[in-house]
Every structure is written in C-alpha cells, then in structure tokens.
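Read through the structures below before going on.
First subunit A sits with subunit B, and in the next complex the same chain sits with subunit C.
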Partner chain A sequence: MERARSNGITRRKVVLAPLDPVHDVGLKLIRRKLVERGHQVTLLPPDLSMEEIVARAKAEDPDFIMISRALSYGISELLAKFVDLCDAAGLREKAKLVAGGLSMKPVIAQELGFDAGFGPDTPVEAAVAYVEGQELDRSTGSKRREKPDLTAGFTYRFLDGEIGSLCTTIAQQLIDWANKRTSPGIERARLRVEMESARDSNPELFARLRDEYASLTSGEVKEWYLTGKPVSHTRPITEKEAGYIRSLLKNADELVIPRSQDVLSDRNVFVQYGTGCPVMDAYHSNLSIAWGARGVVHFDPSWGARSEGLLEQAWSHEQDGTVLTLDNLRLIKDGIIPGVLWQVRAHRGLNTPETVVLAHLAGADLTKINIVYGSLGAGSDPERLTVDGVEAMKLAAKYNLPYDVVTNEELCGVPAAKAFAGMLIVATAGVLLGGRPLLQPLFANSPEGMITGYTEHNFIDFNVAKMKVLSSIIDAPIWPGAPVGFLTQTQDRCQSSVMTALHAALALDSGAMAVTIASSDEAYAGGPITAPARVDTLKATVAALRFFGEGGIRPTAEADRIAEELRQGILDVLKQVAARGDFVASLYEGHLGDKEDGAYPGRSGKGTVTLKH
Partner chain B sequence: MPVKHRILDGCDVETFILCNDVDEGKTLGLRLMAELGFDDADVVFCEMGGPGVRIRLRGYVYRPSADYRWYGPEVEQHGTST
Partner chain C sequence: MEVIGFAGTAKNTGKTTTLVEVIKYFAEKHNRLFITGIGYDGEDFDNLTGLPKPRVFVPEGAIVASALPLLKASDAGFADLKDTGVRCALGRIFTGTATSPGRVVLAGPASTRDLASVLAFAPEDSVVLLDGAFSRISPMAIADCLILATGAARSRDSHRIAREINAMDRIMGLPVIELLPGADEGSGDGLLQVSGGLFLPGQGQELAWRLNGSVKLQTAHVTGIVNPEVFLEALEEMNLNEHREVSVVFDHPIMLLLSGDLLRWEEVFSIIPEVGLTVGVRATTTLLGITINPYTPTESGAGKYIATYVPPETFLGDITRLTKIRCTDIMLEGPGKLHSWLERLLN
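And now, the complex of A and B:
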C-alpha cells in the first residue's frame, strides 16, 4: 500500500476479472476510473477458468478482487465455488472479494461470502468509493441550491431594426393608453398590498380595506367574502394538512437527484403543478425536482381567471388547478425544495395585477403575463386585460420578477406570425416599463402547422424556425412551452414521453434558456396527472438529451424558409397594428388573431375599465 | 396499513390482454382492476393489435383533495430523500 502521489488517496492493487466469456465492459469502466485515481489495476481477459483467475490473482497479491457476471444461469454455484477457491488459495487473508454485474443481487453476493456485491444499477463511482474505503458521496454534483437568472446576459436590443421600431411605437402607444385608465383588478391589487401590510399591525384598517376589496369582487368569490360560503368544489385545508406540507422539507438537505438524471442539473426544465390540492402539489413538485426539474409552475383553475377577486386562506380544490390565494402559495412554497425556480402565472384573467402582487409576497421567482393571449384565447376583455396587463408589468418590474410572454393562442388556431407579433409588442412594453420578459413560443403541432403543412414531414422545422426568427429579431431569452409538444402527444405513455422529450431536447438544442414539459398524462383527460407520469417525461427528457448530446438536431432547409415567412408575417401584422394606431382596437378587430383564425375577443370584465380621475 | 395506502395518487397496470376488439379489451381491463381491488379505475390507453390490446389501466387510490391515509400514525412522513 502506498500513497498515490497526485491526490493523497491510498493506492490499492485491484484485480478485475469477468466470469463471462465476453462481458467485461463494466470492468473496463471501473478500471479507467481506478487508474485515473492512481490505483494499480490488472484487468484479466474474459474466458479464463475460475482456477486460472485465482492463480493470476494470487500472483498479483491484490487488495481487492472484483469479478463481474452478466449471465444469470448457475450464478449462485459459480460464486460459491469462486469464494471456496479464493479461500483455499489464501487470498482472503488480504484481499476483499467483490461481485458485480447485470445478474448480481448484492444480498446474495454477501450471503455467498463476498465482502460486497453491486447490482446492475450501481454507478462506477460506487465501486471506486468501495476500493477507497469511502461511502459513495451521492450528493456530488447532484445537489442544487443556486437559482439561475434566466434573463442574465440578455440586452433586449432589437437586432431587426424595422420590427423593433414598429414594436416600440405600438408598445409606447398601448402604455400611454393604459396609463390613463384603471380597473377593479388594479384597485384590488392596490388594496391587497395595503391589506397585507395592515393585516397584523392594524386590524381595523385591514377590516375596512377588506370590505372595500369585497365590494370589487364578483360571483362565488364575492359570496365567500360576504357570507363565508366556500366556492364550489373547494374545502379549507385542514391544520393537519398544512402541518404535513411544512414537514416535507425536514429532509430537504438530503435531497439527491438520481445520478441517472444528472444531465438535467444544468438545464432549466420546468413542470406545471396544479392538482387542486396543495398537499399533492408539494409532493408532485418535490418528486419532479428530485428527478431533475429545475422549476415548477403554479397552475390555477380556469374559473379563477373569470371571477373578479381572489380568495383568502388555504383551499383544496377537487378539480384541475390549485386555487390562487396568498395562503395557498405560501403553504406550497413552504413545502417545495429550496433552490427551485417557482413561477406563479398571472397571464390571462381578471386578477392579473393582484396575482403579481401575490407572487411577490409569496416569494415566487417568475410570473407570466400576456395581454394578447388572455384577450384572444382565454376569455378576458381586451380593453380590460390591456389596462391590467400594463399594471401587472409595472408591478413585475417593481418587484424584479421576470415573466414569460406566452403565445398559447396558437392552440386556438392563430398563426404563429400573429401570435409572435403580439408577444413582441407585449414584451417590448415590458422592457419599456423596466421589466425582464422571456419570449415563450409554442412548440406544438398547432392547427397552423397542420393546415399549412409546416409539420407534415417533421416536427423540427417549424419549431426551429420559431427559434430562428425570434432570436434574429431581439436579444431576449426564449423559453418554449407551455408545455412543449402540444397536440403531438397521445394517451400512450411511451409515445407521449418520447414526444415530450424530443420537443424538450429540440428546444434546448436550439438555444432556449428553459423549457416547460408535460407529463406522460398530457393527452389523458380522464383524471388527475399522477406522480409516475411526471417521472416518465423527466426520465425521457434525460434520455433524449443523453442521446443527442453535443450532436445536435439538424433541421432541413425548410426551417429557414419558414423562418423567413414568419418574419414577413410578423412584419405585416405589426404594420397593420401600427397603422391602426390603437393597440386595443387591433385586438378587437382581429389584427393579432381573428374569428377566422379561431380567436375571439373575450368578454370577462367588459365595460369595467374607467378613466383615471 | 395496506401498501395500497402508501401509493401517492394512482396505480397504473400495463399489460397485453387477449381479446377480439378494443371494447372487449377495455371491459376486461376494467374487470381486472376491479379484481385487483381498485374501485376508482379507468382505461388510460387501449390499442388493438394482432391478438389483443396493449392496455394501460389506472386505479386512483387518492385523487387530489381526498382524505389521504398516508398520514397514518404508524407511517413515518415521507420527506424529500430519494
């Protein structure tokens, strides 16, 4: 025994021997690692008899004899005989015997007299750690606590001057227009800030503010504020449940991502949660993080976007989407592993500014805002959402919360060029207001893709064209979503996972800063998403990233042609909107998506915008 | 406590059932889930090919907002270690 010169590790003599005719790949991997770390290693060739292995090992006088066996037939007898031969040769006096390989069960190896047994899922590092007398440091490279800034390094400078000039003109017009107006949503956001400030310190003021808040609510939310009657399909979270969520983090410091998922450690893969139940959400988030997710997205019920006002207290919801309240957000935050990026969406409804306030108060890292999608694809009145959206972007800038600008109106049938024009206008407004928006193109087999034939031959070119055109227009972060692969997944778990993984790999290969993925239940509508379905796509994404590696994904020449068509389409739309001179009018009149496309100006909140005094 | 109650949400059963068509396959699949003791079961995926169906069945043990029984006093709460 001697000290290896370079790293202070005690140098060991190790004999590696395959007990199979040909299978010795695992041993070669172990040899490489051991040699790198300064150990003296002898790898015996395959197809030696056990007597020959023992004789060769005796000549080496090793500290460890490691044998491998891939084939399972007769393994117990073989291993028992090998131990007997080693005993007879006196090798056990010094050497430790280790058995590993595809057919190995550690318990059986030890029962048969080996000092250690390694099963098929054992990393090479575990064998090395054993030789060096160390416990395998499972946390190495796997723990993550630093949150990345997805917008770092981006200048938001327009690279396409013509498009940039139009976007700036339109964005400034819409900001000026919105600055003169207000809405119940803006008033409630202001009240929420004041209420949270007064809640503990000034109960009388809080009660007065709360009454004022309640007067600005509608529907079942109003009824709850006035009578305490729960909103349909909701029930209060119990103390027991709340306590349980908080206890989830007691082992947070021990969180280890399975080594098989390490490839995700420097990728920003997001998953959406929103089971309806904060307890289940915390579990789903944490298991997703454990399998490599870098961020989680709060998914709220659709009715929450159409009601004036947000509830208070913590609620469980029996249907899709987890109720958006400050207490629910704080509860979930308390249960989610620290270090993960957390997005609370504020993009589509009548509570957009207040949602940004709640996101800030609860400690979210990101939010989501898009006036155009919310107006044309999610049922909110364009005038109302423009006023609220500008306020939301001001708040996001004030709170230093980056936000994505989503383009899911493509799912309604709006062509990408129109959706992108809207996204660029809103993102430009966000930048003018001091914010840090991220562009969120849809990676999907959208209706446009099917109708135009963009996706007829593959799902690569159209999506790559989107990345190309956006990155040629502005130096801004791109975060495809949400989630990627819409309308390509089926109810088949394997197909769904593959489609999700390939879209995620394509996004990351194309320069995306982040990507939001679905579960393998994406196309199943019969019930809630389950935990294994979340693991499925995270594992599949790892497999896809591992497969492509630095090799990349190659689009055809069509991608450039589509990108040029998209640019021209964006330019044409922006010219129309600029010529109209009234962004809100353009929303109503269909310049950014019309009825023919499948986009309808929403009606929620219609007639609620007023001029500021 | 039955192991079933340690399942976080749902339990999927995937198999190949010999049958004459998709409808028969689904019926047999749901019968299987009932035999296994899943009261809240559904067919997630079912496709006919050759002699039967490739089928994925799901039994929900706990839907969100249910009265979860992983809370049983004899069960340690499960943290975030993997």
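And now, the complex of A and C:
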C-alpha cells in the first residue's frame, strides 16, 4: 500500500458505485473528500448492472467498494444479491463493502451483509475516516465528551457602572439582611448534610437527626416521616425499576451517537426532563444525550416547592415533575451517560438550600437559584426565599456549583426590565458570595411582548434586545431559557419543534453561552412527553443551527431601541429598590413586579423566618 | 464439526423460525451448539417492515458468535468471551458461552472469508448453526448441509416456487467431479481452466471459443459465478458434437444460484442431456430439505406493512405435489419432518 501524497495516510483504492442515477450526490461528495486526501477513487456510472459493477471492481482490485441507493423492501434484496456477488467473486478477500443512502442504518447494513452502513445523519468525514482505518463506531459516533465550565472566562465585571453600582448596593443590603436570619429550610439543609454524613457510620445519630428533621417538615411530607404514608400521587420505585436505570450504562461504551447532532453539544444545548418517574427521566435524558444534548435539567414538582421538607428514598410521581430526593437524584445520575452536564433546580421553594445540598451530594454540575422569580412567580414568601436563597447561593459557592438565575416571572406578565433588575440583583449577590451565576433571560413571546407590541412583527427583536442589554451591563455568561419558546408553541408537534429550534438558534446567534429547550410536546403536554417528540425537537434544533450557520440572524433597528428601553427600565427599577433600602420590602411592594403585572408575593413559608441567636 | 446453514430465497421466508426449531432440537439432544449468522437476526421488529419477528433463544452452554454489544445486551449471560478478530457493521465479533438460557440477537460475519475465521472458534465436537439473511447464500458454501427456506415472500405463485425448488434441487444435486492433482496450476493435459466466472454477456461465447479450440479436451474448470443465460450462450456457441466426452466443472452449486433467473437453469438442464456434456461441481453442500412459509409482508400505504398469508394447506400441497425434495411448513405440520431430516443427518 502506498502512502498518500504528503499527509502520511495510507493511500486506498476506492470504487464508488451509485445504483441509480439520482443517488450519486453523496458518493460525489465522498469522492471529492477522498481525492483531496490522496486516495485513488473510481466513480462508476449509475447505469451498470450488479454483475457489471462486480466485474469493474474486480478489474480495479479496490480496498473499498461503496454503493449508494435509497432503500426499500424490494431494493434490499438487490443489495443483498450485490453483497453475494461480491463475496462469490472473491472481492471481499480484500475489499470492505459499504452501503450508504436514505434509510440506511448500521443494523440494516449488517443484515444485508455490508461491512458498514452510513445513513443521512452520517457526515462525509465519517466515510472518509472509515476508509482511513478509523474504527467504525468512532467515525460515526460522537466524540467523547468533556464537561465544559460554562462560566469560564467571564469576569463578572459590570460594564455599565451606574447599574453595577446600584446592583452592588442592593445585593449587599440583602445579604446583610439575610445573614442575620434563619429558617426551617436552612436548618433542614444543615441537618441533611449531617444526616448523610452519619447515615452509614452512626445510625443512632442519624435517627436523632432524622427526628429533628421531621419536626421541621409540614403537610404530607411530615406525615410520611411520622407514619410512612406516601405523599399523594407517589409510589416507591421498585428494585426492578431501579435495575432498569442501573442497566442503562451497561453498554454505554458501545453506544454510537450520531455525529451530526454534535453541534448541540458543541453549542451547550440543554434539555429539561421531569416526567415524574426517575426511570423515564434516565431514559429521556439518555435519549436526549444520544441526540446531541450537552446537558439535562432536573425538573421537580411544584408541590414540592410549597411543602416544608424533602422526602427520602426513590419515588415515582404520577404528575408534574420528579420528586426531589437524594435517592431519586442518585438513581437518575447512575443512569445518565457520563460527560453530560446535569443541572438540578433549586430556585423557587421552601427547600431551596437543601436542594443545593442534594445536588452537590448527587454529583450535579449546575443548579438554579432565583429569589425574585420564586417569590413573585412561584408562590414562596419573599422574606423566606430571600433568606433561603442567600443560604443556597452560599452553599453553591462552597460546593463550586454554578447556577443560573432564571426570570420566568416574565411568564406571569412581569416586564423584562423588572425581571432583569431582580436577576441582576440576585446574580450580584451570588458573585459577592463567591458564586458563579449565569443570567437566564426568558426567550419567548412573553405577555409583555404581546401587550407592548415588541413581538408583533417578529420574535427576533425583543429577544435580541434582551441579549444586547444584558451583555452591555455585565460580563457574565447568558443562558436563555428556560426552556426557550414559551407561548410560541402549539399542540402541533412540527410547529413547536420549529419554534423551539428557531429560538435556540437565535439565542446562540446572539451570544448565549448555552440554551435550554423542551420537547415539542412539553409545552402543551396533555399526556406523556414522548421520545419521538424529543428527537423531533433536537433534530429541528440541529437543522436550524445548520441553516443559519455563521450566516447570522439580522434583527431590525427595533432591537437597539428596545434594548435602550430595557436599560432605562432596569435602571429605574434599581433606583427604586435602592431608594427603598430594603430588598425584601421591595419584593412585597411590587418594585420588581406587582399585581398589575401579574406578580403576587407568595405565601408559602410566610412567618417562618427568625432572627439568628 | 457439522455446519448446517439456513438460507432463504428471500427475506421473510422463515429462516429464523427454522433456526429456532433446530436449536430446540439439538438442545434437547444435548448437542454442543455453536451459533452465528451472516446478517442480523433475533430482533423484536423487522428493520424494513416494522413487523414482529421470531426471537432467537439459545440454551445454556451454547457458544454464540455475535457483535460484542449484542452479546452484552443479551439476557443470556455469556462467559469465556473471545475476540474473533473479525469486525462487522455493528462492532467486533466475539464468541461467548451462554451461562444461562436466554434471548440473543445474532450479528455475525458477512463474508465467506470472515465466516471461516469465526468458525475456527467452533469446537470440533460442535454442531454449527449458520443463520442466513435475505436471499444471501454465498457464504453458505462453507456449510456441510443446508436447509433452504422459501415461500410466499419469494412468490405467491406456488407453481413458480415449485419450479425454483426443482431447479435448486437439480443444481445442489450436481455430481462432484474431482480434478486431477495439479489442476489448479493451469490448463494442460486435457484440462481447460476458465477463471472469472460466466456472468457477463460475452463470457459464454469466449468459453465456447476456447473449448472449440482445444484438442483432446476432457475437463473445463470454470471458477466463479455462473449465470444460466451466459452458460446457455456458451452452449449455443459450442461445437457440441466435438465435446461429448467433456465435463464442465464449476466450483460449487452455490455459484450457480447467484446471478440471473433461476428458472433459466431448466433450459440448461434440458439441453445438457441432449448434447451429452457432463456438468458437475468440485465441492458441494447437501440440501437437507426445504421449509415452506405462507407468510408475506404486504405494503399497506407508504412504508407501512401488514402480515398476510397465502392459504397454507394449498400452498404447501401444490409445492409438495410438484417437487421431489423434502418440504415442510413447520407452523402447519409441526417440526416432525424437520426433526427427521436432522436425525438422518446425525445418523
């Protein structure tokens, strides 16, 4: 075998045979790449019989014979016949047979008797890599993933001095205020740390701590700790079900992940899960990862945010999100393909600090904390969530867990300027506490967008304006979500996939560090969230990113005008909050979102904050 | 070591069903089994039609050669894993011994060369079961004997199926003619070596001219694939009266089954006795019997298939009446006849 021209690659003889006239584009692409790399390529005309191809190949004595043909039931027999002819003619003593085309998959190639099969998801480079001796699973599968630090390189320096100064003043005030106070949520977080430390080594201490923990719980959670009665709509995960999860990674090394989806991983596209069932969560996560997702987001049930205390053991919940317990988290983590970023949300309820503890103990890479959204859009008492939120941010800093600060109160109708002011205050507090927050603006057709007309003509300008204003204020990572596309999706799965994909592409084009998407049937899920819908959404997102590529998305001049309006709005809100001098009071009094907007201070946990002794 | 191949005349003709019955038979007899396949088999649903497929269960102690990920995913545990050094489209092929009975998906070597490498791992005292794929038959030349599956998926016309079976029976029954030592070294001493097969128009004429030009010719050895039309072309061009004592020897009957319309061999076999030419093969594989399957997937809308059947009794009855070789429909008649073929083989 010769060495190819100058690149040190063994020069191969390749015969390319299109089996019909309209299916030779792929082969022509492969020919171009192979010739560029110094291989000797013969492209046969498309009108030869199988026997003639065999005879021509015999004359060439190639190392590879690559055929291309769209597959159907009838055609498959012809391909099988071709394989037989090559075998009987002695071509397979030397040559590898490769089939490509629409509908081709490795299992079909195997059944037909080819050495490899490349479908429409396979890039040309994979075929070239195969010719050059790379193992097939490596050439068609995704590269091994390393976990990136989404906050790396960001300084958290304010670029807008006026806003930065106000944020710092307010954040310091809220930290000082919170530092003097405590809550049952903070106590339980402390107890959980001690309990998990004592669980195996000191059963007596564990039992005592657990009793103490139980005394700080409420409602059905308390009843479970005292009587063992399951919380409504839950049932324990069986050992058999847990086994399903544990067996998921049994063959993880053998997984062939379509390389064509790698762009999602490269661009840090996250998928949220939360079927209520850890088994399904693990399966959905791996499905998403197999189709390119860089990370997955654990979505907990809303009732869990309103109850004092978290359960123990592994549970399935028949509605809304997956129960937060250390066992559930560890089970899911055990089933998820390594190398993926895993976010456990802790942003909105009465168990915020403890959730950060569990996230850390279970090995999560990221968490999610926002005092303002949790207080105004998710039902937690502002005073309580401020105390708990500060503690959660301290814990996140201690555990080196970056977290996003989400602004989903926009979905209630809170204007972006107010939501962003709240997000910036909390993020500033996070930085002051030593943490690494990521800004999470809502990328959607928010009520404000509809009412003000920001989204009347397109969905680009308002969202781009959000990115512009945030990146002009502070040098911090921006991770739109969560998930993108709210109120633009419908029950139509195709439409929802398109909207999700376009929003994701827009976010990434506008400089986002990451983006979170949901399955296309999630926005209007009247039933189970299905695997095909997940794949649809992920593939649609790849298609959108491929479509725009480096071409970019061009907003109109409106984007700059809206960005300026947003900056002024943020500034006005911050001045108001700073003038009030009491962040918690501002939450109650509506400076960061009021009843007119659709935001109501939550009542869960009201009256539970106490001064530290 | 006895190698039994399971080939089909088309996809969905019942290879897997036959294989599954044969595995059961040998498991009950406590024969040591070595199981592999030249395609992909044992999956839940067919990759092309989406219809359910028979599953392959292996007994404890059976050695299976399949792509490593599939052995690992099997619910039969596998021990003593050995890398055969052969790769298929689904990964590296390993052999493993089943530590418990269980289901397995077979993805084995696709080529004759790779199959030979994998079969080197079969113990001498084992019965090797070689599962086919589609209508692929070339690697089956390695097998000592063959069970052929055909049926409505090949053609709903029982008369055509019967004619094909008769043609295959005739081909598989061609006499083995030994060539003299040194025959492979080239033409000479009454031997004409013809390499490259007879499967392209013009090759038949070329063979005829070479035969016609040879004096004292006794044997023509044709290596490679043989298409009946091309062979007919040779027969038409030959000066037949001068070759009445000549034997034409092909490599293996399977070489005659790969190219062209199988039914054209009827014409070849009708001409040969008239001209007195002797046709034989250097090596052969015994055809144990034919399994008949009335099932055929039928397309009902774009890309969607439903399972349909021709009337089983009539279909089998017609074929049995019109052929001489052993035939059975396992689902209709049970596995008794199949077992009798295997008993005859073992005895």
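By our rule, the second predicted complex is superposed on the first by the 486 of 613 C-alpha atoms of A that agree within 3 Å, B and C clash if a C-alpha of one lies under 4 Å from a C-alpha of the other, contacts with A are read in each partner's own complex, and residues count from 1 in each chain.
Here is the rule we use: contacts are C-beta pairs under 8 Å (C-beta built on N, C-alpha and C of every residue); 3 or more make two chains touch, one makes a residue touch a chain.
These numbers were taken from a predicted model, which means no experiment stands behind them.
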item	value
First, second, both or neither for A:581, with subunit B first and subunit C second	neither
Which of subunit B and subunit C A:250 touches, first, second, both or neither	both
First, second, both or neither for A:337, with subunit B first and subunit C second	first
Which superposed partner A:552 touches (first subunit B, second subunit C, both, neither)	neither
Contacts of A:453 with subunit B and subunit C, given as first, second, both or neither	neither
Touching partner for A:93 - first (subunit B), second (subunit C), both, neither	second
Those residues of subunit A which subunit B touches in one complex and subunit C touches in the other	250-251, 254
In the complex, subunit A residues that touch subunit B	235, 240, 244, 247-252, 254-258, 275-277, 279-280, 283, 286-287, 289-290, 316-318, 337, 490-493, 521, 524, 526-528, 530-532
Partner subunit C, residues of subunit A touching it in the complex	51-52, 54-55, 58, 71-73, 76-77, 80-81, 83-85, 87-90, 92-93, 97, 105-117, 136-137, 250-251, 254
Interfacial residue positions of subunit C with respect to subunit A in the complex	10-11, 38-41, 43, 47-49, 67-69, 72-73, 87-91, 107, 110-114, 133-139, 196-197, 199-200, 224-225, 227, 254-255, 258-259, 297, 299, 305
Contact footprint of subunit A on subunit B as seen in their complex	8-10, 12, 14, 42-45, 47, 56, 58, 60, 62-65, 68, 71, 77, 79-82
